[in-house]
Amino acid sequence: MKKKMNFGKIFLYIILCTYAVVTLIPFLWALSSSFKPLSEIVSGAINFIPQNFTLDNYRQIFIEQELFPRWMFNSVFIATVGTGLNILFNSMAGYALARLTFPGKKGLFIIILAVLMIPAQVTMIPNYLILREFGWLNSYQGMIVPSMINATFIFMMRQFFVNFPKELEEAAAIDGLSRIGTFFKVVLPLAKPALAAQAIFVFMGFWNDFMRPLIIMTDSSMYTLPLGLNTFKGQFVSYWNYIMAASMVFTLPVLLIYAFFNKYFIKGLSLTGGK
Amino acid sequence: MEKKWISSVSLSLLLAGSVLAGCSTDNGGEGGGGDSGDKTTVTLAGWGGNPTEQALLEETLADFEEKNPDIDVKLEVIADQYMDVMKTRLIGGEGPDVFYLDAFEAPGMIETGVIEPLDEYVTDEFEVEDFEEPLLDAFKQDDATYGFPKDYSTLALFYNKTMFEEAGVEVPTTWEEMMEVSKALTKDGVYGYGVAPELARQYYVAESLGGSVVEDNMANFGSDEVIEALQPVIDQHNVDKTSAQPSEVGASSGGDMFGQQRAAMVLEGNWNIPYLEETFPDLEYGTAEVPTINGEKGTMAYTVAYVMNAASEKKEASWKLIEYLTGKEGMETWTSKGFALPTRKSVAEKLGYADDELRGSLVAGAEYATVWANGTNLPIITNNFNNQFISAFLGDRPLDEALKEAEEQANSEIGSEE
Amino acid sequence: MNRKYSKRSLKEAGQGYFFMSPTIFVLLIFILGPIFYAIFLSFNNVRLLGETSFDFVGLANYERVFDDRRAGIALWNTFKYVMIVVPSQTILAIVLAATLNAGMKGEKFFRIIYFLPTLTSSAVLTLIFMWMYNREGLVNFGLEKIGLPTYDFIGDPNVALTAIMVMNIWATAPFFMVIYLAALQDIPDSLYEAAELDGAGPIRKFWSITVPHLKPITSFVIIMGVIGTFQLFDQSYIFSGGSGGPDNSTLTVVLLIYQYAFKSMDTMGYAAAIAFVLAIVILVSTLIQRKLSNEENLY
């Protein structure tokens, strides 16, 4: 029995490590490139440890770009507020679609799915026109309000709630909690793993969003990080060194947030698995 | 504990955000860029580039503001997908007052009427004759001028001096010589000639035997003259095996391929000079005029102009900006470090690029270059050409078959549009 | 439900609309508005830039989709892509999630590493891959080391799409893995314990408990996978420099839509028509998936 377990474990570790290597290589290469001068990046050499280690690329970003703190603030603000609203609204909608009966529910659900099927390339211009009508160009509202719900995660939350044990809600109803009270006091706290997954994805969506700010933000003080740090692509020549450093600068904060939310996945596990 | 911390942080963010949002609506005014006091704000949009180059542009703009204390210039750098963003903003009526426009995109944009004709603003002092004529012509339609080229580059032959010495060959002046020396220069992973198999670079080659790539605004690159002219490019790659495109040697551009010493010769533009200097400082190289084809000189020229938005509400101030940027003084500052070549003959003369060791051959090309622009349908034509030319280049299908099919496809797309 | 709503069901309907209200608000103004505008465009020949003009052409734009040779190629490329990528990434995601949920040491570490591709923006990832895939890049270096033939992944039409597929599977699987991981937390341990008492091994437990329990999430993963892969754009745009070449091998439907919407003037209406044809194709595939998996719960 014990031997068998060990064999299985070794096998699992081999899978885990192989995939970890496959995943780490591109990332490490980008990381190491961000410390290389351009000449070393384009030299075509496959070395992970920079031969001519330099911090110039980061210096260019942090020091030469006067607006860097402002961009950082814009990104953090938009992503934080946007994520908060999304978690609340998507979960509410997902819950209603999974648990409540109301006329038009089926139609609404199909519409929510169907809007995902239309490529953004054809709605980009009308979207822009609407934001202009509202006077929301160059504003935080323009970034946050149209994205304060997300069809993908409404759908995901619905699929989570469909699986949810009904008994808990019934018990809450007997205790005299209203539907709304049940949702906030019983259902949401139990859906933590799903909410954590949602939070990370939504945050990342806002954080990495490039097209929307590119179009609506003309004022450089309203740029978000990816936009501000992406001006190194020339018409004929691209400055990979700066691009890689910039991509590291906007990947690391999300990585930290993920590491933070990661404990919600672990927690579920330790409750049941802590023998 | 942690939760409290998070909620207080988000609360303060929210507050700070609304304060900032308030500020920006207060001084931003309607639709971005109203007039504050007596000052007129002119918005100028372009794409990004080298940090040094950007600093040069800012310097030029600062000079302008100093000379025109009543005008403020707001620079908007569009980081990516420049034309898509520009079109979207123009459709929404929120375009910048002045912006960059590539000659390649110019005919299509001018036709829609979003670009202001500039003839009535021009004064004698501006000296329109001073511009290199073919470059200026790229921004003309029906005798009206819609933009003034800010700079340009032609292609020239960049050759690796060390490799040429080792192989004991001379710098080629004709296409035949170029094919010959390529053979001597090709050895273990190094190719004689690094080639870019795309229309933007091959256009003048395609037309070197009298054919035309575009005729009556329709694709015509399937004609026998064009195919015959391009065949050597394919043969050098597939028969002689003395040329390669960058991806075949693991480079991302011709400049990289040359810098990494994987190609002894490439045809590149002015942008390659500062790039090589910064990235491959030890490289020993020289430039020469593009080898002649059938005794005729030829090369490409790429140019970008400053144009004015026809919907701009500050046309007088916008013109002042264009006038300064493309005028003698502004152009001299902008091109002073050699990142770009001046389109005014007088500025070129003053800066002496014609006698520059590296830039001389690029400047010489201006006289006989084919400007990369031709009618409103060139984007569709280019797209289809590139898509199929590369399959012939890789030896997957014969050139005539590939180009004839691409031509047919391009013309069917153009046809159903009209 | 009858004509007469009981008081209780009326109340529930009210609660339903309350829960849905933010979603309905955004849908109506910011999502459906632009879509209706695009539908309108698809029945017209339009010029939006400069002097705006609309010329009603009925179904002509839709008819043109079926005559367009490149539209056919794009759809076929995209279809092949979906058929390979969706099953692969789903299986990879579920296996990774189950592995990471097996209660092993160092899980936290692996979870963070696996998540890296999802954190990085797809444009940067594509650039990294371009470097790894090039003629002398890391992938060919590895292939050569183990004695396999090498390829010009970027330049060669026969392998370009495959290269994009591998990259996409690798980059998307972790996203779905995280969702599976969250879903796995809901499975009561008692089920596994009971199965263990019956003498079930890890593989049988996986098939008889984990997989059925994850069904609603799997249908989410598959549907989102189908929607996402049908809309492949970034990678093929960067790989081919926007042309879809060589020889249309990396041409996808959305790349084609983009070309018509932005690269050529006055074809916005046609681009919108292709977009709706694509949406219908996706919708039909989703329905087929639903029939195949016999998912009662979905609609």
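A, B and C are the chain letters, set down in written order, and residue numbers restart from 1 in every chain.
What we mean here is this: contacts are C-beta pairs under 8 Å (C-beta built on N, C-alpha and C of every residue); 3 or more make two chains touch, one makes a residue touch a chain.
Note that the coordinates shown come from a computational prediction; the quantities given were computed from them, not determined experimentally.
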Co-neighbours of chain C and chain B - touch as defined: A
Chain whose Cα centroid lies at the greatest distance from that of chain C: B
Two chains sharing the most C-beta contacts: A-C
Separation of chain A from chain B, taking each centre as the mean of its C-alpha atoms, in whole Å: 36
Inter-centroid spacing, chain C versus chain A (mean Cα positions, whole Å): 16
Residues within chain C bordering two or more other chains: 48, 131, 136-137, 262
Per-residue multi-chain contacts in chain A, two or more chains: 44, 124-125, 129, 210
Junction residues of chain B, two or more chains touched: 91, 249-252
Partner chain B, residues of chain C touching it in the complex: 47-51, 64, 69-70, 130-131, 134-137, 152, 154-157, 240-248, 251, 259, 262-267, 270
Contact set on chain B toward chain C in their complex: 83-84, 87, 90-91, 108-109, 111-114, 198, 245, 247-252, 310, 376-377, 379-380, 383, 386-388, 390-391, 394, 396-397, 402, 409, 413, 416-417
Parts of chain B lying in touch with chain A, wherever the complex brings them together: 10, 13-14, 16-17, 20-21, 24-25, 28, 30-32, 43, 45, 47-51, 53-54, 74-81, 85, 88-89, 91-94, 96, 102, 249-253, 255-256, 259-260, 262, 269, 271-272, 275, 278-281, 304
Parts of chain A lying in touch with chain C, wherever the complex brings them together: 8-9, 12-13, 15-16, 19-20, 22-27, 29-30, 44, 46, 85, 88-90, 92-93, 95-97, 100-103, 105-106, 108-119, 121-127, 129-130, 145-146, 148-149, 151-152, 154-156, 159-160, 162-164, 179-180, 183, 193-194, 196-197, 200-201, 204, 208, 210, 226, 240, 243-244, 247, 250-251, 254-255, 258-259, 262, 265-266, 268-269, 272-273
Of chain C, residues touching chain A in the complex: 1, 9, 12-20, 22-24, 26-27, 29-35, 37-38, 41, 48, 95-96, 99-104, 106-108, 110-121, 123-125, 127-129, 131-132, 136-138, 141, 170, 174-175, 178-179, 181-183, 185-186, 188-189, 202, 213, 216-217, 219-220, 223-224, 227, 230-231, 233, 253-254, 257-258, 261-262, 268, 271-272, 275-276, 278-279, 282-283, 286, 297, 299
